[in-house]
Amino acid sequence: MATDRRRIQGPEASVAPIILKSPNKIQLLDENLCRHNGRNLEDIRSISNGSAFIELNKTKIVCGVYGPRQTKIPAFSGKGNLNCEIKFAPFSCPKRRPPYRDSQEKELSQLIYEALTPSIRLDLLPKSTIDIYITILENDGTASCLAAAITCASVAVADAGIEMLDLVPACSASYINGHIFMDSDLIEEKRESGSLVLSYMPSLKEITHILQSGEVELNLTSQAIEQCTDSCSKIYSIMIDSLLLPIQNIK
Amino acid sequence: MRYVTPGTRLCFASEYEAGPGTYERDEYIYSSVVGIVQEFLPTVSSNTVEEKKQSKIITVSREKHQSSIPDVDSIITGKVIRMTTREAVVSIMVVGNIPCKDDYQGIIRSQDVRATEKDKVKIIESYRLGDIVKAEVISLGDARSYYLSTAKNEYGVIYAQSVAGAMMVPISWQKMQCTKTKAVELRKCAKPKDLFSKNQ
Amino acid sequence: MSRQELIGPQGLRQDGRRASELRKIKCTPSVLSQSDGSSYIEQGNTKCLAAVYGPREARQKAQILHNKALITVEISLAPFSMSERKKRKKFDKRLLEIASAVKQTFEPIIMTNLFPRSQIDIFLQILQYDGGMIQICINAATLALIDAGIPMLEYVCACSAGIVEDTTILELLGTPELTVALLPQSQKVTLLQLETRLHVDKLEPVMKMAIEGAKDIYKHLDKISRNYIEDLLQKSNPHPPI
Amino acid sequence: MPSSLISPSELDYIIRGVDDNLRADGRGRLDYREVILETGLISQANGSARCRLSKGTDVLVGVKVEIGSIEIDGTDEEVAAIEAKRGRIVCNVECSPIASQQFAGRGADDINNELTQLVDRVLNGPQGGLNLEKLCIIPGEECWIVYIDALVLDYGGNILDIIFTTIRAALHNTRVPKTVIEEDKEVEISDDVEEWERIEGWELVPISVTLNKIGTRHIVDATVLEELATKAKLSVMVNKNSKICGIQKIGGGSIEHSLLNEMLQTGRSLGQNLIHNLDKMLQKEEEINAKRKIGFFASA
């Protein structure tokens, strides 16, 4: 971490308070996730099978998981299928989002689908569908939103008691003149020269999704990938805590 | 008590048998759900494990189950919701002894009603709308519904109401009598061994 | 463009054609890998790709015809095909109309009764558009169907003509015109579409000219497909018995 | 219309083939199919190109430049200031039903959206290569909008790579009209084709290399069947000076951490060769075009 702190100096251009990937940052997320999860679960559970809420500073996302339920589309499939829908709340962005799903939301849904599919044991659920509905209440950096959404959805799926290979923490980073900013917010994102979103199954050491934009040297990329996998492992432990807390309370 | 989350490495595959809630992947057993780790000898345990190996079974379970879904030769309980001359449509409410969150649709075709004299079967003389039926899933069926069979003694109608609306009691394997009017109606009755056993 | 300029002093048109002259036709059968039959055809600056799938099992149960095959036609227009870029909605009204016209043209020609309960799909992709949509669609489809080996009574060749100051003109573009789809052997007309006001007396000569044009197109298509087949045979056995 | 299926034996055949580096069509793991390139086919477009893999994927790209007004979302002054001085790129990818049955009707909508978003992200970002400032006519008001329309005419696997290759070729072929601004902010477009000029920075436009993970190995330029056998795809966008301009995993399935880096390496090195070859082909094309135009499918 110390090395990171030295490297990640804010450029003059950026007026934003720079969010470092530092322990206390993760801590913050830790509290929120646990608190909200611990508290919300009781009342949300009745509605959906599984649900989760995630908060990274300003970014706020809730996710509900329904099913497995019988597939509606009349096409036989030996595997279950997964249906992800992400929605920006109209008030989530600086600009008002229209209530209907625009093409960006469609794409994000696709990305999340791709990130989660490897982790869920769909082969155990023939003829069934799992629906994942994600709502972004506050958007503070689209890349970090995507990452948070994946993390959140994964927790929700686990909470629904659906069998999966591993939890899928995701993490985002952006490249701003040669530096790597972990989990950058909106202001930083506006100034970034590129971004990276990575989702990762820590105990299987498999990357379920990677999405990078921006013109970047290969070695910088691999460095960013390393950092992301590291912080994914951190988030992983938080996810575990948030999942275990409620059942430990019950006991 | 050991609480685990999906992807937690539990033990070597050589030591244990992977039971429900776990999976095996390159000589390790991982947990696949959130829950408590339990281990027991393969006896009247879950029906997913074949009994041949004598090694202990390790499972992960929790009060909050994923809503169960029917699979081939799992035993279901459901209600007859639609009938044609060829088949009775059943909405599956319980699989094994775990209730489904939302119902699945199954079909009992006339040839699957009973084991003998299949050609003589008349759906209308076997089931009526609203009957509660216990049956076995014989295949994943077509795109829409599972195929069910009641061609065993322990399967068939387990609860029915008479025309008069009173409860009926079985008097033979294909007759039921109304407790109020004593009228006799035809059903394919079940002879339950134990309603609440997971597997016969 | 104003009508006066349509024909120059030497009776030549802007693109240098004579009044009764067809645009340059270029066509190639079976250009696509996935489809059962396909063709590319180019008439002047109008360029069209056609692909045929089937006969295959009908998709929608509702549409199944129990005595013959169902024919579907879908036309799509490339965004850059017109001079000003517009993102054409799929199922654009105009395209749907043309598609149904093409469908009706081919229904009597394709021997659909041979394939009951099945479906034949014709997809047309306009890559570049410079007038004469229907005719090129029909010609392209004909070639594709032949390539797919779907039995037809005979060719269908379409051509259009118009009239400007008493001179009948073949493939008068830009302005509405008379389009004729012809069965060259039996000399029958399967489609006749007039999109403009035309004096009854004028109808005859215009139609004649269109039919003549269609015949020329037929000659061309026939030549192309014959050559193609011969070529195939050549390839299949390079050393034919003398 | 569901996509086509693959049988276990076919799957096994492909995986084994990939393992001992010999694919059904005789290629090695990292061999591309032969590419046929044509440019300047569409007279109505400012630039156009068509790439065709030998009996496989076929993509046609038309580029149109039109004058439009500059759009600014006024949330962030600093950013707005940059946007005010910029032209715009609008991408659109369309899979024509003639390419494959599964694109019929509404079947292509999802893949269209996915590809469009992907291409748009790569080209509009700072990594896109094109010099957007040059496309600005009147800062804050008028600019050139570059419409890039890709049309998939035939589907033989590996669409994405071909789309990017074709787009790059089309941009190379594109000419933007000269504009003169008069006092009353009236934009005058010169119709003298001679003084139309190339979009600046076309050579920096990235291309994509898609690596398909089959079994434990990865291959490039997969055919339709091979794509069905693919566990996970990784597309790596690379530009001329060997920078990574984008990475995206496509489709379900996951990639081992170690394999990922390896794939990135291969992607980058392959991308270099591809761009090199492409530039050579483009040069040849120019010479040909200088002499005469060739029609569609002339070289098919």
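First chain written, first letter: the chains are A, B, C and D, and each begins at residue 1.
Methods note: contacts are C-beta pairs under 8 Å (C-beta built on N, C-alpha and C of every residue); 3 or more make two chains touch, one makes a residue touch a chain.
For reference, the UniProt names are A = 7299_t:CDS:1; B = 7694_t:CDS:1; C = Ribosomal RNA-processing protein 41; D = Ribosomal RNA-processing protein 42.
Computed from a prediction, not measured in an experiment: that's the story for all the values here.
The minimum number of touch steps linking subunit B (7694_t:CDS:1) to subunit C comes to 3. Between subunit A (7299_t:CDS:1) and subunit B (7694_t:CDS:1) the centroid-to-centroid distance comes to 37 Å (mean Cα coordinates, whole Å). Centre-to-centre separation between subunit A (7299_t:CDS:1) and subunit C, using Cα means, comes to 53 Å. Subunit A (7299_t:CDS:1) and subunit D have centres, each the mean of its CA atoms, that are 29 Å apart. Rounded to whole angstrom, the centroid-to-centroid distance between subunit C and subunit D, based on C-alpha atoms, equals 31 Å. Counting partner chains per residue, subunit A (7299_t:CDS:1) shows two or more touched chains at residues 75, 119, 201, 204.
If each chain is drawn as a node and touching chains are joined, the picture is a simple open line.
Those residues of subunit A (7299_t:CDS:1) that touch subunit B (7694_t:CDS:1) in the shared complex are 45, 49, 67-70, 74-76, 78, 119, 121, 125-128, 158-167, 201-204, 239-240, 243-244, 247-248, 250-251.
Of all residues in subunit D, those touching subunit A (7299_t:CDS:1) in their complex are 2, 73, 75-76, 78-79, 110, 113-114, 116-118, 121-122, 125-127, 232, 234, 239, 242-257, 260-261, 264-265, 268. Residue ranges on subunit C touching subunit D, taken from their complex, read 26, 28, 31-35, 38, 40, 42, 45, 47, 49-51, 53, 59, 74, 76, 78-85, 87, 90, 121, 123-125, 127-128. Against subunit A (7299_t:CDS:1), the residues of subunit B (7694_t:CDS:1) that register as touching in their complex are 1, 3, 5-9, 21, 23, 25, 30, 32-36, 62-67, 69, 71, 101-105, 140, 142-144, 146. Residues of subunit A (7299_t:CDS:1) touching subunit D in their complex: 13, 15, 75, 94-95, 103-104, 106-107, 110, 113-114, 117-119, 187, 190-191, 193-194, 196, 200-201, 204-218, 221-222, 225, 229.
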